[in-house]
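Please find the structures below.
First chain A sits with chain B, and in the next complex the same chain sits with chain C.
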Partner chain A sequence: MKKIEAVIQPFKLEEVKEALKAIGVDGMTVTEVRGHGRQKGHKEVYRGQEYQVDLLPKVKVEMVVASGRADEVINAVAAAAKTGKIGDGKIFVYEVAEAIRIRNEERGETAL
Partner chain B sequence: MKRILSMLSLSLAGAAHIFAQAAATPPSPTAALEAGVKAAQSSADNAWMLVSCALVLMMTGPGLALFYGGLVRRKNILGTMMQSFILMAIATVLWALIGYSLSFGEGNPFIGDLRYLFLAGVGGDPNATYAATIPHQTFMTFQMMFAIITPALITGAFAERMKFSAMLLFTVLWSLVVYYPLAHMVWGNNGYLNAFLGGKVPCLDFAGGTVVHISSGVSALVCAIVMGKRKGYPNEPMKPHSLVLSFIGACLLWVGWFGFNAGSALGAGSLATSAFVATHFAAAAAACGWLLAEWMMQGKPSVLGGISGAVAGLVAITPASGFVKPMPALVIGLLAGILCFYMVVKVKNMLGYDDSLDAFGVHGAGGTLGAILTGVFATKDINPAFKDAAGVPLPVGLLEGNGGQVVNQLIGVAIAWGIAAVLTFVILKIVGAVTGGLRVSPEEETEGLDLSQHGEEGYNLDA
Partner chain C sequence: MTPLPDLRERFLSDGNPVAILAERTASVSQVIAESFQTYLTPVFPEGLAMVAVGGYGRSELFPHSDIDILILVERAPQDEKSRDALSRFLRTGWDGGLHVSHSVHTVEECCALHPGNLELTISLLDQRFLCGDADLYRKLSSRLQKFIASERPTIVKGLIRQTRERHEKFQNTVYHLEPNLKEAPGGLRDLHVIGWLTKLQDPARELPDWLAELREEIRFLFTARCYLHYAAGRDQNVVQFDAQEEILKQPFQAEMTVAQWMRQYFLAARRVFRAAKQAVDVVESSAPSGLFSHFRDWRSRMSTSEISVSKDRLLLRNPQMLESDPELALRVLRFTARHGLPPAADTERRIERALPAIESHFASERPLWNHLREIFSLPHAMLALRTMHETGLLGALMPEWRMIEGFVIRDFYHRYTVDEHTLIVAQNLLNLRAGADGPRRRFAELITEVESVPLLVFAILLHDIGKSIDGPTHAYESARLGDVIMKRIQMPDEEQMFVRFLVEQHLILSSVMNSRDLDDPSTAKDLATKAGTVENLRYLALMTYADISGVNPTAMTPWRLDQLWRVYSIGLRELTRELDTDRIHTHSSAPAHDFLEGFPSRYLRTHDKDEVAAHIALEEKARKDGVGVELVRRGGVWKLTVITLDRPRLFASIVGALSGIGMDIVKAEAFANAKNEVLDSFTFADPQRTLELNPSEVDRLRATLEKAAMGTLDVRQMLERRLRPSPAKTAERLRPAIYFDAEASAHATLVEIIAEDRIGLLYDLANVFAESNCSIEVVLIDTEARKALDVFYLTKEGRKLTENEQFVLEDRLRAACQ
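Moving on to the complex of A and B:
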């Protein structure tokens, strides 16, 4: 199993969700986060007082899928989240040791 | 039925009464007409003045409370709004007990006497010295609204860090030793600076450039310096938490200012209209001035800049509003917008004091500029303030050939600056000693005034 963690532009969330639904990914966890990569923040000025805002609003989408489907999911997320401009975000992939469905204690890929 | 009967008997009795009077002294038709005209004018003037009273109160709450409240961080919104609101209560009580008397009792040139203590003798009959066509009580109420907003303006300087108890004691003492004497000197009968009621130095201040804005603005500067900076200033971000609230507040201030300035005509005549027009024009030009300066120097015209500019223009036109024509009002506004931008954005940062919400940069600077320009642009066409022995209007402002008026204005400005600066410093020292420090503790400051001073939060978004 692989965990796929995508940090994306907030306004791309709907498109990413649609793309995942289209390829049959059922579960995900979405968090509103703040951060930046190579993208620089922006400057705000209030009565001459300047503030450099580095941490920008982003959305983190996390899902765990069967190893065989990882590439398909990654491609779907990347295609949906892409604008081609700096700040589009990143996708990280992790190995997952185990998954347990709390309701009936199913384990492994059947628990996904 | 019973009611109709009693009304009928009342009116019959009234008719009999009138009949009896008529029989005793036949009224001359002109006297009756004059009385009718007088009553009609009094009603008209009183209607406008009562509306003005309400408008000026609206400037403090919610106007100023929202304007300042939006500029602080989220954890201090209630504490900041409370500092304006509590003055609607405290300054009112103080005014009723002693404030009105100390301000408008005849007294000496510097402070009123106790003739109106507990509002004795302040009733429905006009006080002809101050306003001959409205009830004395209306005049007292109108002036009270100014005594409320003036200390509230100062709170912008010590926002986010003053102890509530210290703030209360400070504003009470400040009203007693700064506001009431200054109001008496400029507007009170026999006041030292009163241009209309026998003052030594005739300083023109239509609606409070010296009394309200210089006094509060300069006191604000002293507060900011004596109390020190907010914890973390200027390195930690202290962004305004809601410019939406500030925007609503500033627009309420703009509207309320029509009561403040046009109401200072103390009647509903053409002088009120003239002051209304001048007020509006100055606010508009000042918004343009600040935005233009900001756009040119910082690249973007901001909403906060626009509303700050409008307030600066309203401040500057306050002393001049009942003396100048529309075009000078535009000039005064434009200059105020640019000057106050410079004061707030450049001078404050250069000197390094933390006048958190720019009470000095806007009210102190704008008020001073307005007071001086009043002496330049005042004209007898709008307000024949000075007359010769034969009653012919004399030149008023510099542009009319009365250069000495600028000197008079400068004396008024200097006195207001001096009183405000020295006495605010003394009061702060006393209050600090009595309340065990003017500031909340560092922990309380981090926690915010809402929780530490009032035990509640402005935004319970999870509730």
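Moving on to the complex of A and C:
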């Protein structure tokens, strides 16, 4: 099993969700996050007051999938989240040791 | 022990909880009597009685409810034989499947207050003799009556405190995705509270029979709880998501969707909750007076010829007037909105009884909007709005409102029904009027910058009203229904159009937030086109803030708050930039088009066909006479339009003339077209009512303005004759903010000034520009709540200002703002 963690632009969330749904991935955890990589922050002005926005709003989508499906899921996320500009985000992939469904204690891929 | 009959199948087929509760109570009593006879009678021929208390005392034993028993004893059992008999009695009950919850007390213990254990006293309010020593029970019964009579205030106070704490635990709302039928507001416990408060009342005082009025609601809650107990096989009272679906599959259940069933639940719970709150209110208001009541008595001086104030509640002097004069109900609510005093329970009930008369009165076109506008502008508007909703008055005034009453959007995100969501949205908005800290503060400042909070509240009331209709979008359906309502309540056309716009577009900011790249310039451009004007954008931002915050208590995260503000900021920046850069190009030489050519696009967004036609006519006059001046009074303010050829100091002269005769400019716009004709529009207030009281002054002002526009009037002299009003205390004053942007336009420099407003401020600013040899290309002035929001596009000798010129100008402007 792999855990796929994608940090994407907020406005791409719906497209990413749709793309995942299209390949049969319904379960995911979505978190509103702030951060920056190479994109860095920028200055914003409101009524003459300039302020630096250091941490940009992003959305983190996490899901755990069977190892065999990881590439398919990564490709779907990457294609849906891509605009080609700096700030599109990143995808991280982790090995998952175990998954347990709390309700009935099922383990492994059946618990996903 | 006789086994208890299994009533499950019967219940699941006929769904009649009343019979189940009664039969279960009877069969449990029989088992207890048998067991008593076997184990206790031989040891306690006298001196011990079985008393049913709590739900068992009320004969309302649900399938898996605990069986609350008071074992009443002459004296506490000391010897082993007695204790052993009692223990065998209880054990037999448990072995037979009865969840007996017992307590052993003497009459003295029952008739004493136990600090920290009000439950014992409360449970005795429902006591009922089962078996055993009848004389001992009679002793309890008679002593208990006296005890309760003497300790009534303490018991009532404790019960009310407990009830409020319980409601607090559920955030004082009936709206929970998985509600607890027993403990949540509007649940069975609230019915018990009503029953207890009624029993605790002074017998001389007549109370409304709330429980009789809640028969249907009681049956609904009883049925649901009975089902939950049978389905779970235990004392389960929370209607979880799967149970909401399962109950609909039962044979006794009429066919409906889960959303429809939940709607029934919410409507029932809401009525129960309201009755419980009324009962608490009635009982509390009859409590003996204390120090606080002196203050309340003072408030009774606010009474009017129609409404009397008693113990902080509103009573009608002639309640029967409600039938013949339905607008009296609105005057009561206006009083509530002004003073924060709710109608007394009796007044609410009388309004409820008069609803048919009120509804038929307002079914035809009536100037209802005048009432609503006033109510929504007052400090306690929300209390009035809630009361209107809870009494059903809102539905009588606008029957379309009933389409969303209790309407459920069933998912994990929407916590409230559509009507409750709408009220929470209004509340979120109105709460901003009191200010806010942290990131919400920006929105609190924004609300001080909108012209009409009542229009915004009304748009909020309409924004989801079409949600139950299956149409293209709910915003469209809401706007369609809104048109019908607004016409009926006689809202002025201009306001109708504006509210329609807000309702129709109420989702654009959230849509941009969720699905558009905020760094993409086309996002700002689209948003600006949809919003149209800076003013519209402010309203939409506030509406979106309140709307998202009203979906569930945690929906408006700090992250979303920031995103929404960003959306507002980029829209605002684009609209401000557009003022100068986005010009009308008609590609035609027709006279009408000739006049429009070169005006900012904003002109067409803020003026309808008739206004444009009037301006074209005024332009003709200006061409003939050198200047065209139009002055009209509309909606309590004066509107001035001046058309003439541009010249240096023109704007300053007109502004100076208005200020010179004491007029307070609240809005202004100045645009030039391609022919160098200037269209200056002003909205001003006449604080001294000079024009209103002296009609001849209107002509004099018009003549003065013509002279000012032509440059033949010494404005400076006029202004010197007027005293400058003393500025407000330093602590209250808004610190002026002055901001230059050289990038907003290709040929002009943007200056934005936010400052404390005063009569003559605009003249002083315009004068600084004139003295600095700056030409004003575009002006947009707005004033709300003593805050002036001024935007100017300036050029000097046909070019942008240099940094040094900005620097010098800023100093002068800052001095002028003081």
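We adopt the following convention: the second predicted complex is superposed on the first by the 106 of 112 C-alpha atoms of A that agree within 3 Å, B and C clash if a C-alpha of one lies under 4 Å from a C-alpha of the other, contacts with A are read in each partner's own complex, and residues count from 1 in each chain.
In the analysis below, contacts are C-beta pairs under 8 Å (C-beta built on N, C-alpha and C of every residue); 3 or more make two chains touch, one makes a residue touch a chain.
Here the structure is a predicted model, which is why all the values come from computation and not from measurement.
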- Who contacts more of chain A, chain B or chain C? C
- Query: Touch check for A:Gly87: first (chain B), second (chain C), both, or neither?
  - Reply: second
- Query: Does chain B (first) or chain C (second) touch A:Arg47, or do both, or does neither?
  - Reply: both
- Return first, second, both or neither, reflecting whether A:Gln9 touches chain B, chain C, both chains, or no partner chain. second
- Note on the structure: The intersection of the chain A residues contacting chain B with those contacting chain C is 44-49
- Query: Which residues of chain C touch chain A in their complex?
  - Reply: 513-519, 557, 559-560, 562-563, 566, 569, 572-573, 737-739, 741, 752, 754
- Residue ranges of chain A touching chain C (in the complex, touch as defined): 9-11, 13-14, 32-34, 44-49, 57, 83, 85, 87
- Note on the structure: Residue set of chain B touching chain A in the complex reads 234, 237-240, 298, 300, 302, 304-305, 308, 344-346, 348-349, 358
- Message: Touching residues of chain A toward chain B in the complex: what are they?
- Response: 44-49, 51
